[in-house]
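What follows is a pair of complexes built around subunit A, which joins subunit B in one and subunit C in the other.
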Partner chain A sequence: MGDNIRAGLISGIAFGVIIIITSLIGFFGTVSALLGEFLFDPKTQPAALYSLVLILALLGLWAGIRAAKPVGTDRWSGALVSGAVAGLSTGLFVGIYTLIIGGFNARGLDIRGYLAQMSPDAIRFLLFQLPPATAALSYFLLFTTTGLAGGFLAKTLGRGRLKKANQQLKSKITELWESTSVAVWLSKFPYTQYIVYGAIIILALLLPISLGQYWNFTLGTVGVYVLMGLGINIVVGMAGLLDLGYVAFFAVGAYTVGLLTSPQQLSQFQIDFWPAAFLAIVIAAITGIILGFPVLRLRGDYLAIVTLGFGEIIRILVRSDLLSDFTGGPQGVRQIDGPSLFGISLTNDRAYLYMIILAIMLAIFVTIRFKDSRVGRAWVAMREDETVSQAMGINTYTTKLLAFAVGAAFAGLGGVLFASRNQYIGPEDANLLVSINVLAVVIVGGMGSIPGVFLGAFVLKGLPEIMRQLQDYRILAFGALLVVMMIVRPEGLWPSQRRRLEMHEEELPLEELEETEAIGALEAALEESTK
Partner chain B sequence: MAEIALTTRRKTRISGFRIVQIIVALLTIAFITWRFVGVLQSGIYGTDTWLRFIISGVIIGGVYSMIAIGYTLVYGILFMINFAHGEVMMLGAFSGYFVLEALRSWIVDPVNEVTFLNAYPIPAILLTFLVGMLTSMIIGVMLERIAYRPLRGAPRLVPLISAIGASIFFQNLAQLLFGPVRRIYANPTILDRANGIRLIVNEKTVVIQYTGIFTVIVSILMLVGLYLLVQRTRLGRAMRAVAQDKPTASLMGIDVDGVISRTFMISGILAGAAGVLWGIHNGIIYHYVGFIPGIKAFTAAVLGGIGNIPGAMLGGYFLGIVENLGPAILGIDFQLKDVIAFSILVLVLIFRPTGILGEVLSEEKV
Partner chain C sequence: MENNAPVLEVINLHTYYGNIHALKGITLSVHKGEIVTLIGANGAGKTTTLKTICGLLKPRLGEVYHEGRMINVLKAHEIVSLGISMVPEGRGIFSRLTVLENLDLGAYIRTDRVAINEDLDRVFSLFPRLKERQKQVAGTLSGGEQQMLAIGRALMARPQILLMDEPSMGLAPILVESIFETIKTINQEGVTVLLVEQNALMALSIANRGYVLQTGQIVLQDTAANLQINEMVQKAYLGME
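Up next is the complex of A and B:
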């Protein structure tokens, strides 16, 4: 019983704190408004209020389940006590909090000066438009009942049962997959791969025509991230060099093309887009080598910090007065020229999307070729164990430099397209957050995997565009996502095969491992010798 | 014989990297001397100005060294960069701000309109520090529990990425909670930022602010306290044991997880104090205030040799002074102050990755 109460208290306090912080950042208000439109009819019902209650009830349920799950799901009393204690403590916390903010509001004090999201309206909404004491009481009751219900639920769908159901579902799905002859036939048909690739390519080529300007622009932004993601995929995913200053190369590419094609800057010579773009990519790659030269001796997190430092140095330099004759200082470079082909100007968003798609295809091609080559294998070996790979005769230094240069060239290409499409590049586009964003694209998608990059770029760049209402919480969620991903699924959403096996080595059942490796090898050896 | 032959051959062979190192070193030294001589000859900065640079460098160095200790302690034990440490400091600074605001609006003497803050400045400051340190401590411990503990034993990039995520999370949490406004710390009148000891140098006054003196004193006291804690107490011994060898330490009956948690507690306390000091001395805090000092403090920790506590203290002061003197010595704009700090980081890692005092860890870990 003591354990149950303690588990309930821990879960209750955790949920109480989470709920209070979530409400303080105004998240409940935004989400309930959004959900209310979706679930209820805003004309006849107080939709936002209903969905607020719904969200809170679900949170209460979750608190109860969490409290009851680890202990005492074998006995009814235990589960119910855990759930009830969790609900009670959550309710107490949130109730007191409601009383406090309600009290402030009732006295007419505006606390927005300290807590930015707590406008009187927002507080009244959080109090269900009730007086503070009543609201606190209803919060308390709501959480207590839902916590209890959560305990009940945890008992009925106990941990073991849930797991079993999950497994059954999985086996059923695989059965279904295997029994459907089309799927099997498709997976055995040798040209499926090519057909899928062809379909993807055709889709990619048709996409820009079928979309409007807004989506072309948005997808272009996502595409630039994909491009940079593919670049950092080589540096981080394949070669295992954590680069937190990746945006430096993006900035080098963008600024080079800006300086060479914009009429505005001090550099009087102005050249055509195509040679400028080529030069920008080459210069970005060279920058990669120059920056990589001194720092690539470092390992792991030291490298991360040094590259971060380099990224910041570049950003501060382009911002500074020292170089403002060239880079325009904080104003950035304007009037960057766009490309034209056979006299046709290709400066609309659709043309850029096509170019970005082509660039991505090129990048994928390069990546695949590298991956299967000697260099790619050297990268992977180096990532796995630098010392051993050195002993195997890999020149880790030049191999690392190559990874850096290729990654930098991709980023430079991304920078060229980005700057020329926006006709502008400024120091804030070279923010540290861009580096972290790109890194997160690879991490969320799955390090070392090409489809993973697409998935990551879509999740991190595309989804926020769709859910504009939640824009304020984007970066917050993004930080939390990185932490959660690392805990739950460090290999990413769509990992490469190798990564998946690496990260879950310990989860393979022991017998299976023995069978596949040790025993298999032994048997083979025995057979050899008996022959 | 064979051994001797091997060693001699090794000595005569200079690697390409070594040559690059020497060239870069010579170029850097030549560049700095050239610029410095130029600045001295032009005489834009008088003695008083140089003194001012050094004073502000020492003060900011005190704050850096306190944050740097947090990095060093955690790195020494877990071999991970606690990227979110700067944010722990920022949140400590914010909670101190709220305490001061509350005390400022609490009027104890309605006739003369004297606030608690000015009526009892010492308890007020003590309370501010206490709350700031407590907040940072709790956040530090929670951070370890939630974001780092589940990742024990994972590849080294994994906790680092988690730490980056936590850092972004806290920054934006603070922005959403408190708004993107810059806030001004309300100091009691005895710690007014405009007052200080006035020195006459070169017929010009140089002000050493009381807040600055206060900062340096507090930071030195806390650093001495920490040093004694690590060297003299049971907990300190346990921490050192865990830093050296976790499995062996746990065999000796040390609760490794508990020690790690307490390490985060201590580094959180120091970060909270640093945050409050930052607020009291610099006066302005906002959600981004922890980030750059955090990275610079990491630089300081690397400079002194990461894992090395006296090294982090020295590194903090050194970095503070160099960062303030650097732009003047090179005769460049003060906008580029951060560039100097980062360049020092890069240079140290290239030439002496073990830092000034040498790190406690083996070279393998760099």
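Up next is the complex of A and C:
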């Protein structure tokens, strides 16, 4: 019983504190307004209020389940006590909190000077439009009942029962799928794979026509991140070199094309877009090699720190007074020229999306070719064990340089397209956050996997665009997503086969069984040979 | 057996780890077709000697010659292409790659696909277990199988000289015997072997000659047969009174 009460208290206090903090930054107001529009008829006045109660009730339920799950699900009393204590303590915390903020309102104090989101209106909303004492009591009752219900739920669901049900469902679905004639037909037909690829390519090429300007622009941004994701996938995912200054190569590509095509800077050297783009990619790759020379002797964490510094050096250089005659300093480079083909200007968002899609296809082609090549194998070996790779005859130095150069070329290409589409590149487009975002794309998507890069880019760059209304909380959601991902699915959303194996090495009961069997067989064979 | 010039010659080798003087003037030679063993206790410098020969460590003083050519100035990957392959200590397989990928990496320096496939067949005939498990991730193999893989991988470079670092480490006695049988077979097929071992009894039973290493120096060298009956060796390394 003591354990149950303690678990309940811990869960209750944790939830109470989290609810108070998130409410202080105005999270509940925004989310309930959004959810209200979505779930209920927005014309009826209390739609947002309904959704607020719904969210709070779900949180209470969660607190109860969390409290009851690890202990005492064997006995009814234990589960209920845990849930109830969790609900009670959450309710107590949040109740006192409502009393306090309600008190401010009643006295006419405006606390927005300290807490920007806590306007009198917002506080009244959090109080369910009730007087403070009544609101506090309703909070208390709401959390106590939902906490109790959570304990009840935890007991009925039981430990692991949900997981089992999920697995059963999954196996049933695969069974059903395999028994259908479509699956049989697909597995018999040898070109299925190519047809799927073809369909994806055709879809990708049709997409820009069917979309409006806004979506073409947004997808273009996502596409640039896909391109950079594919690049860093080679450096980090395949070769295992943690590069935190990846944005440097993006900046080099973007600034090169900017300087060569903008009439503002270096006008005597102004050239056409296509040769400028080609030069920009080559220079980005060369920058990769130049950076690589001194840096690649370092391993692991040291490499990460030094590349981080390099990324910042590039950003500070381009915004410095020293180079402002060329780079425009903090103002950046403007009027960057776009491409044209056979006299037709390709400077609308649709044309850029096409170019980005083509660039991605090229990058995928290059990635696949590398993956299956000698160099690709050397990268994988080097990531596994650098010393042993040397003993296999791999020149780890040039192999690393090549990975850096290829990755840098991809980033340079991304920079070229980005800068010429926006007709502008500035030092703020090259800040550290870009490197981190690109790395996050690969981590969330799944290290070393091409479809994973797409998924990661859509989740991290596409979803925030879709959820524009949530804008202030994007970073919050982003952080929460990363934390949850690392706990629940550390290998990424769509990991490569190899990565999946690495992350779930402990989940190989079948192989283990075979191993003991193997030793038996080996011994038998040896005995036979000695006879 | 011992004809004229040695295929591998080490002269007065001094290697340091930072300030620690690990090798204090090692001199040894290996002739074509021999099995030479380097025995000694933990920390005597056996592994350091091998690592210096194959270029993973650089000597501060002394030279390594391969067929009369000084190789201690070369990088590790260049030495491999001279035909000197290493079976690293603790097997050093790529545990998250499959057996086949491991063997493929062994042949990294070669581009003659047909001959590589021949060698793959040869490795599979030496170690049939590996053939059965070629698609399996190497880390899930048993210790003995991993050792087979490490040897097979070194053979994939079609080496002239095989440097082996404690192939018996951590294996059941029955497996040790079979591994040493294989080493003998490999040697009979024409590969010169320099074998580092703690299991002196087993090593001397298949070797032609041996060196005894103590705290970074060679204290004894003789034919394997003589070493087996040497009083000091018997006392210190063979556990006989």
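One rule holds for everything that comes next: the second predicted complex is superposed on the first by the 504 of 531 C-alpha atoms of A that agree within 3 Å, B and C clash if a C-alpha of one lies under 4 Å from a C-alpha of the other, contacts with A are read in each partner's own complex, and residues count from 1 in each chain.
Following the convention adopted for this analysis, contacts are C-beta pairs under 8 Å (C-beta built on N, C-alpha and C of every residue); 3 or more make two chains touch, one makes a residue touch a chain.
Computed from a predicted structure; not experimentally measured.
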item	value
Partner chain(s) touched by A:A391 [first = subunit B, second = subunit C, both, neither]	second
Partner chain in contact with A:V380 - subunit B first, subunit C second, else both or neither	second
First, second, both or neither for A:L35, with subunit B first and subunit C second	neither
Subunit B versus subunit C as contact partner of A:L476, first or second or both or neither	first
Which of subunit B and subunit C A:I313 touches, first, second, both or neither	first
Partner chain in contact with A:Q117 - subunit B first, subunit C second, else both or neither	first
First (subunit B), second (subunit C), both or neither touched by A:L242	first
Dominant contact partner of subunit A by residue count, subunit C or subunit B	B
Footprint overlap on subunit A, comparing subunit B with subunit C	none
Subunit A residues touching subunit C - in the complex, by the definition given at the top	374, 377-378, 380-381, 384-385, 387-396, 498, 501-502, 505, 508, 511-512, 514-515, 518-519, 522-523, 526
Subunit A contact footprint on subunit C (complex, rising order)	54-56, 75-77, 80-81, 85-86, 88, 92-97, 101, 104-106, 108-109, 129, 133, 136-137, 139-142, 144-145, 153, 157, 174-175, 177-178
Residue numbers on subunit B that touch subunit A, as the complex places them	17, 20, 24, 80-81, 98, 101, 146-147, 150-151, 154-162, 164-173, 176-181, 295, 298-299, 302, 332-333, 335-336, 338-339, 342-343, 345-346, 349-350, 353, 365-366
Residue ranges of subunit A in contact with subunit B within the complex	21, 24-26, 112, 114-117, 236, 240, 242, 244, 293-295, 297-302, 304-306, 308-310, 312-313, 316-317, 319-322, 397, 433, 436, 439, 443, 472-473, 475-476, 478-483, 485-487, 490
